[in-house]
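Chain naming follows the written order as A, B and C, and within any one chain the residues start at number 1.
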Amino acid sequence: MKSNRLIAAAAAGMAFTAAPAYAVDAETAYILNTFSFLVNGALVMFMAAGFAMLEAGLVRSKNTATICLKNIAIYAIAGIMFYILGYNLMYMDVTGYIGSVMPWSADDAAALAETGANFEAGYSASSDWFFQMVFVATAASIVSGTVAERIKLWPFLIFTTVLTAVIYPIQGSWTWGGGWLSEMGFADFAGSSIVHSVGGWAALTGALILGARKGKYGANGSVHPIPGANLPLATLGTFILWLGWFGFNGGSVLALGSAGDAISMANVFANTNMAAAGGVVSAMILTQVIYKKVDLSMALNGAIAGLVSITAGPDTPTLGSAILIGMVGGAIIVFAVPLLDKLKIDDVVGAIPAHLMCGIWGTMAVPLTNADASFVTQFIGVAGIGAFVIVASTIVWLALKFTIGIRADEEDEAAGLDKAELGLEAYPEFGRGAHSI
Amino acid sequence: MKSNRLIAAAAAGMAFTAAPAYAVDAETAYILNTFSFLVNGALVMFMAAGFAMLEAGLVRSKNTATICLKNIAIYAIAGIMFYILGYNLMYMDVTGYIGSVMPWSADDAAALAETGANFEAGYSASSDWFFQMVFVATAASIVSGTVAERIKLWPFLIFTTVLTAVIYPIQGSWTWGGGWLSEMGFADFAGSSIVHSVGGWAALTGALILGARKGKYGANGSVHPIPGANLPLATLGTFILWLGWFGFNGGSVLALGSAGDAISMANVFANTNMAAAGGVVSAMILTQVIYKKVDLSMALNGAIAGLVSITAGPDTPTLGSAILIGMVGGAIIVFAVPLLDKLKIDDVVGAIPAHLMCGIWGTMAVPLTNADASFVTQFIGVAGIGAFVIVASTIVWLALKFTIGIRADEEDEAAGLDKAELGLEAYPEFGRGAHSI
Amino acid sequence: MKSNRLIAAAAAGMAFTAAPAYAVDAETAYILNTFSFLVNGALVMFMAAGFAMLEAGLVRSKNTATICLKNIAIYAIAGIMFYILGYNLMYMDVTGYIGSVMPWSADDAAALAETGANFEAGYSASSDWFFQMVFVATAASIVSGTVAERIKLWPFLIFTTVLTAVIYPIQGSWTWGGGWLSEMGFADFAGSSIVHSVGGWAALTGALILGARKGKYGANGSVHPIPGANLPLATLGTFILWLGWFGFNGGSVLALGSAGDAISMANVFANTNMAAAGGVVSAMILTQVIYKKVDLSMALNGAIAGLVSITAGPDTPTLGSAILIGMVGGAIIVFAVPLLDKLKIDDVVGAIPAHLMCGIWGTMAVPLTNADASFVTQFIGVAGIGAFVIVASTIVWLALKFTIGIRADEEDEAAGLDKAELGLEAYPEFGRGAHSI
């Protein structure tokens, strides 16, 4: 049973504490490793709710039901596609051939149980599968926020399908599947690049190909802010993401069978928290200084920015370094959001600054606190993943654009996607759309 | 100390992995078993928030505060009644006599600690109690959604009291308390029938005796849809339920003291997730095909349908089978919701299709993947539980109807229960009720 | 490595089960202790979302975005200040000198790992740090609800900074840092006094110095109720707090390395739940009896009241006693809320009754079920903490008042803080403020 990031990490000679002989007996370690995947994986699953609420709060009320639908659909599709294709595609270098791990056959469970019961494997195969699966959905969730309010539902879901079944797993295999980036020593602990920048690149190509929402950018370079309809929901979404991130980063220790694993997971939890805190504080201070007002959505994105920034290396920094890494992330938000507007790239929820730019920053920052990582290798990883996802996403977006179309009709966009796509309203009794354009 | 599903399961000869001698030392196993009950139980507790948000999102704004109150009251009452009566009623066949486990006496804690410290028991008695208690509330939560918007508050709470103190525990004792269904080999891993169909039957009898909301059904067979006021909240509720279900099904392994337990729990987590994903996708595709629009509330109920469907047997299917079991659940939603409207059974949130019909489907589907289960026994379980709950619920509903009354006055229903029952509004500043009838 | 409540508790001779030689091997115990801190700590972190939603639901829509911002800022600032100063201030009696545990130095991680790997310590230092840190934010969150809708943003955040960096840690050191209250045998298991009454006292002094919202109290002693804008959010917040409280109290066992720890944690989970249930039920019954209507916000605050009440001693009561302790808490809410209005103390969310009064009640109730605690010592603890926090908070509030000012301008208060402080609206499309004053 060799089928996950753990093996890839060990093969790459990374500082990883689970491999050595257990003082803890093998079965206890097996249970703890498995339970860690399940508990942390459940927290990551809940991030789907976080994205849903963040995006539902930041779009206008006329597009809210559609974004809710997309988010639950993304999570469902991501799991199914990862089952049908993605998991094997991602780990085939490790497992030898496609189809070895999760074949659609009747004796799956028996095989699984048997394989799992080999304590040398260290954890239940299903628990590993569950944990990897919840990561796929995260990458896809990032896209929906950026392209919201003007993309047609089914083309978006088709893009999600390809992203989760093919694009994410292929680049994921390069590092976590034991591929060439892993062999080079590319360090991306929980996926600043592998998860967040992938979602970010796909979002960026989507935003460019799709174009901005009607009315967002004036002819003379003016920018018309389009406020989100429900900021408490966006706040809730951010807190849920923050909570889920403990599982995202903490679970990426990939083991809990030794004191070293436990120490590593504890450091990861603490650093993850402090980076997010740093992101909030720097975004607040900078918006106060620059705009003379604190901006709630900047503060929320500051938290996410801090979280993405620490994700590539949450195990090695001190708490103080983690705060600083997060603060830089928060600053990226404050400067990048207006920059995107200047470039007329319409990113509804600010996912490109938070997930793409901070993903790159976080990946490049790893060597600052981790002697095993090098700037050159980190750059190769960032660029390689970026080049692949840009090309692959662009092909898919363009293929969709020139076949079934991706952009909602002008009238549908004006009326709102909820009416056009779903035939209903998210808030039928109190949404009036007075401030919408 | 013999007082829970674990004993009943072992007695029934079910494929259960905790009983054999531990390679893991007894105390470690004891800790892990206990901690599993607590962590998974906390997730189940959070389902109360999921039901509250789902129902708050799917009722009209004029009834929203009342449904919020009902949901927190249900959870509180369920716990207290399970303490006063339910737990002992449910497990008296196992424990020998009523009152043995949780007597209201001063030396409870000492007794508990002592009993618990007997490692042979395998887990802390309080942790088992906590885990069983959170299940009771779930059954009661199902009812509130169906009968919302026209039932009086206190009669509903009295029904909840009887349901959680008497009806649920009695039928629960048949299987999880070591009773006749257990002896027959009835297989209902986490309660598709024992929890969900029980709530569903009680909801169905309530809906029939209470009648539909004013204006829902026209004289000529027309159906007037009454949209929910806040779909993002309903979406959030669904995600919370999905999260909580990992605890609901995963914790129902009832142990974490061996590698076999861990493997079982991991399989359960993964299958639970995939059934929900299948339910979402099938509900989306079917509504698109049939109605040419995707329906958000159908997709949300599709997730719940998948979750209920897998609950009777989340340990034995392959991932692929779990997806298919969930997809059938999603299809049940799409076809049953209009069917209920044809029968003029007014189910505000769609709980009868999701919890009752999918509960039956899930229970009957167990033998498809579990050789130890038989269709005949499953049918006897479904029918036996159904007959009992229908009769018992009907008696309670009718007794309430002919004494204090259950239906709100016509004016109160028109004005909204929030004003009538609570004297306030859920959204005083922006709820206008323009679309309400 | 001697740096937390655990040591203080052991030193004080409290009934604590982790210290004795493990039957569980030392490394397994180390992992379990650490994992308990992380899982329970993550639940406590999520309480920040609970406070945010509770407060966002109970203020008017024109102040909703500001309260959201405050809540995420509080959590971020609390963590950073606890890192910079608070943790060392709180545990310096234990650790010997300030700066020993979390110095801002490059070899922190190495030192931590090494220290942590000493199994005698029993748990990873980072996990303990994480768990203590999330408690600080809770104390600060309590204040924001009381002083909402009329306090200026930055002065409030400065108060938060001082509270989390200095005031909370100093009084915390008296008990959990091994100080004089610990030596006297003051029993406050998870912080009814140390966390909740501290927040409550700071809130009370703030409310008194700040004054009531315009329009809340008429000249002739009349009270004008100001309803919250979004009660489902307040309900959600309460459920999230309830969930988080399992971590708050359960994690405060501070260990999971023996069967005794597991039993203690299970008792704590069950009692915590039942006290909250008792609070809900008593608040509902009392409001029905007194006002002839059930009040949703009273029921929600009843849950919180029950939770605060049990927090000082959730390990010793029976389930029945826990229900009664919570019921008294619920009653305190029902009687104290109108009392505060009579005194013209404007507490927007009811935090003073819930956290301060029930915190005192819970602390004084410990000797009822715990023979090791004495009423005199409990009273000294309550009074000592109260005196210190009243004086310290008053100094800080007054210093802020007479320098930069704490009260928003009258026009800003009328227009809402969201416009004044953030320049935006929380619900731009449907908030009309028709009912606001």
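Following the convention adopted for this analysis, a residue touches a chain if its C-beta (ideal position, glycine included) is under 8 Å from a C-beta of that chain, and two chains touch if they have at least 3 such contacts.
As the structure is a computational prediction, the values presented were derived from the model and not from experiment.
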Self-contact between copies chain B and chain C, residue sets same or different by half: different
Superposition of chain A upon chain B: rotation angle, C-alpha, nearest 5 degrees: 120
Chain B-chain C separation of Cα centroids, rounded to whole Å: 32
Where chain C touches two or more other chains at once, by residue number: 25, 28, 39, 230, 236, 427, 430
Sites on chain B touched by chain A in the complex: 23-25, 28, 32, 36, 39, 43, 60-61, 227-232, 235-236, 238-240, 242-243, 246-247, 250, 256-263, 265-267, 269-270, 273-274, 276-278, 280-281, 284, 288, 293-296, 299-300, 303, 316-320, 323, 369, 427, 430-436
Complex contacts: residues of chain A adjacent to chain B: 25, 27-28, 30-31, 34-35, 37-39, 41-42, 45-46, 48-49, 52-53, 56-57, 64-65, 68-69, 71-73, 75-77, 79-80, 83, 102, 104-106, 108-109, 112-113, 116-117, 119, 123-127, 129-130, 133, 153-154, 230, 233, 236, 421-430
